[in-house]
Amino acid sequence: MLDIVLVGIMYGLTLSSIALGLSLIFGVMKILNIAHGEFYMMGAFALLITMELTGLNFWLALIPAAIIVGLLAIIFEAGLHPFYGKEPLYGLILTLGYSFFLRDAAYSFSRTTMLLPVGAGFYSIPTPLPGGFNFYGMVLPYYRFAILAIICMLYAGLWFLVKKTKYGMHIRAATQNAELLSSDGVNVKQVNRLTFCIGAALAAVAGALMGPVTTVYSDMGHEMILLAFIAVIVGGLGNIRGCLIASVVLSEIYVFLSLYLEPYWSETILGLISMVVLLITARRR
Amino acid sequence: MPRKTHSYLLLLAPIVVLLVILPVLPHFYVFLFCTAYIFGMFALSLDFLMGYGGMPNFGQAVFFGLGAYVVTMAQIWWHVPPILSVIFPYAFVIPLSFALARVSVRGGGIYFALITIIWGDITYRTFFYEWTLGGSDGLRGATTFPLREYYIIILIATVVCYVLIRKIADSQFGMVLRAIRENETRMRFVGCKVENYRMSAFVISSCFATFAGSLYPGLYGGARPELLHWALSTLAVTMVIVGGLGSLVGALIGGFIITFLIEWSTSYLPMGGGYTIAGLILVATLLFMPKGIYPTIKRIWRS
Amino acid sequence: MKDNIILKTIDLSKNFGSLAALDNVNLEFEYGKITSIIGLNGAGKTTLFNVVTGALKATKGKVIFEGNEITDYPPHKIVKLGISRVFQITNIFPELSVYENVLTSFQVSRGLKLSSLFSKLKEMEGVTKILEVLDLLDKKDLLANQLSYGEQRRLEAAIALATNPKLLLMDEPTGGMTPLESAQTMDFVKKIRDTLGLTIVFIEHDMDVVMRNSEHVVVMDKGRIICGGTPQEVSCDGKVREIYLGVTE
């Protein structure tokens, strides 16, 4: 039982890495980034490529992976500029376009590239930390704890950033009233760019970390994005704590459901629960 | 010249062209054109819903796919002659879309979009996993029509579809929808039951999507679960945006462009590639031609 | 029940948490009169409008319109009964034409039939008349966002009038206007009342406008009614002078 709960928490935190970035981006820039799952996926691929090209070990390769994706995110963020403050639909659709492009390009890349060892688009990474705790006959893999630990460290860093630094204050202010902030002389453009990149980097690290667990493939982010949306909306757009809680709860529910039911039913029931929760949240706001 | 006559004349010219080239087109292209018409009509239904109703329905493919599925089922399970089989989908789709509208429209905005994705996803997986419904291979065995004759049928269907949607969009009902889009709060204060209008627009657009889907089996011989997937809805959204949101004609143009693009790219690019190009076109359109192709051309033509 | 009272509130209260935005408000408005509601910011004037029109739910008390209790009715129902509102911030349909702005309101408040799915936009006499009264007829084909500020305010009023109201609530009709524009606006207000036979209640801050154009004045402060009467009576009232002029007697 415990390992199931652990898996749930692990998936929950991973999901929240995507959802948090999404929530932050929405809170600050009022744009729902459909392509966010692709940053997760790109993190995993960036990790693979880094390891392949530089021979760095897994842990060290995480850093360049995050940085690469964070830098690439700047380009995507630039494309969003014309849509700030306009009807949110257009920004959403632009990110949809990004998502199409990134996913399909990654698919083509993963099927044809010479850069990585030949695979049918799925790349497995041997677990960086083999073995596990022996707990009443169950094996709790060390690596999963490592994932939890790293993500918690990242969140600690994020918390520090948001609560204690000037930039963090700007983010919190922008979530409330971006216009006022810019008239105060703060460079809102920079805040936006930084927010977007941090959100992307966060997702990228999560993707890289999950690489060994789920294997690396072009759709890996896409599969999580729907659940991430739900977590963001249910937790409250721009509300970090709510987002975190919602992510973990939703993931736990999913993990438990999939324990007892076949995939079709566990996904469908999760979907129905999500719909009900969304409707209730919509009523209240 | 009054606007109505002008736009109908504009419609007539391409129709004539499309008819005239039929004898000359190679088989493969006739097929491609037919596919483009069908997806164009699908995009049209979504353009009405998004452009006039202001509701981005990512589950619109459900109605399209159901159109194809029920027509196929009617033919292979209940032995209904093909001509009659196209009527069957509405018996399922209309109550379903009423129910879905009731559930989805309340939320508005983001909630609406998300809820549509969810039930779209549920429907897709239901058909994908359920073998009695054809499973991942879908259903086969519907009657396909002789291609060049079917081309004419589909072309006429497209024209009829467009004219109907245009009439509704230009009607008082359409005006109310536009007003709701502009200023929902004010409409409430003017006595408008906004939800009712939105639900009506939803059901109407779902019927048109079903109409488009019902023509699919006659071309492809059956239905597949991919037709229900929200990826198809997002493709339709792309067609709408590229052509020009709210312009109606733009949806047809967008339908053509994207269909041709995907076909070209799957033939000439190594792996997949269709969505890569679609994504690039979408991004390019939004950044450089945000109003879409048709409105931009209209503006250039006027000045 | 008096025959000449069109709208009445009984002990109407609205709380936001511990803040009493409306505190046992008892008011009566007579048919055909032009009444103004004045008070400092936060006095509860707009909240009063919001509760009466159904935008907010009352915490306590009743709203009676033409003898019927309408206290918890939704906005669209209240509109159908005959109360219409002109907003403080211009609340029009920017991309529709002036004519369509009014036509939409006109038709929707009367309810569209199924046939409207295919029927074209018609020339409607009622719409033309309203545009005429508000001097917008020559601009009827312009887009609403092409109008000047003053014209948009008039369009704002036209939209409200198109619902065929018996009672018109106006929220700061002369907000942001010069004295000349204000006078012109109030002329329109009187014209509306005279030609269409409405009762009008408006919220105002401009004392000149209030004194010159109201037949009855209601003063609010901190959610309560301080006093009511003709402009003369109210301007001499001690409490009112204290609030507005800081004069203590």
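Going by the order they are written in, the chains are A, B and C; count residues from 1 in each one.
In this section, a contact is a pair of C-beta atoms (placed from the backbone, for glycine too) under 8 Å apart; a residue touches a chain by one contact, two chains touch by 3 or more.
All of these numbers come straight from a predicted model, not from anything done at the bench.
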Are any chains cut off from the rest when subunit B is left out, and what groups are there? A | C
What's the chain with its C-alpha centre farthest out from subunit A? C
Taking all protein C-alpha atoms shown, work out their mean, then name the chain whose own C-alpha mean is nearest to it. B
Measure off the straight-line distance from the CA centroid of subunit A to the CA centroid of subunit B, and report it in whole Å. 32
Averaging C-alpha coordinates per chain, one finds the centres of subunit B and subunit C separated by a number of Å equal to 44
Nearest whole angstrom, what separates the Cα centre of subunit A from the Cα centre of subunit C? 50
What residues on subunit B touch subunit C, complex-wise? 167-168, 170-173, 175-176, 178-179, 182-183, 185-193, 204
Could you pull out which subunit A residues touch subunit B in their complex? 32, 79, 82-83, 88-90, 92-94, 96-105, 107-108, 111-112, 226, 229-230, 233, 237, 264, 267-268, 271-272, 274-275, 278-279, 281-283
Subunit B-touching residues of subunit C, taken from the complex the two chains share: 53, 55, 75-76, 79-80, 84-85, 87, 91-96, 100-101, 103-105, 107-109, 112, 116-122, 159-160, 162-163
Complex interface listing, subunit B residues touching subunit A: 50, 56, 103, 106-111, 113-115, 117-119, 121-122, 125-126, 129, 234, 237-238, 241, 269-276, 278-283, 286-287, 290
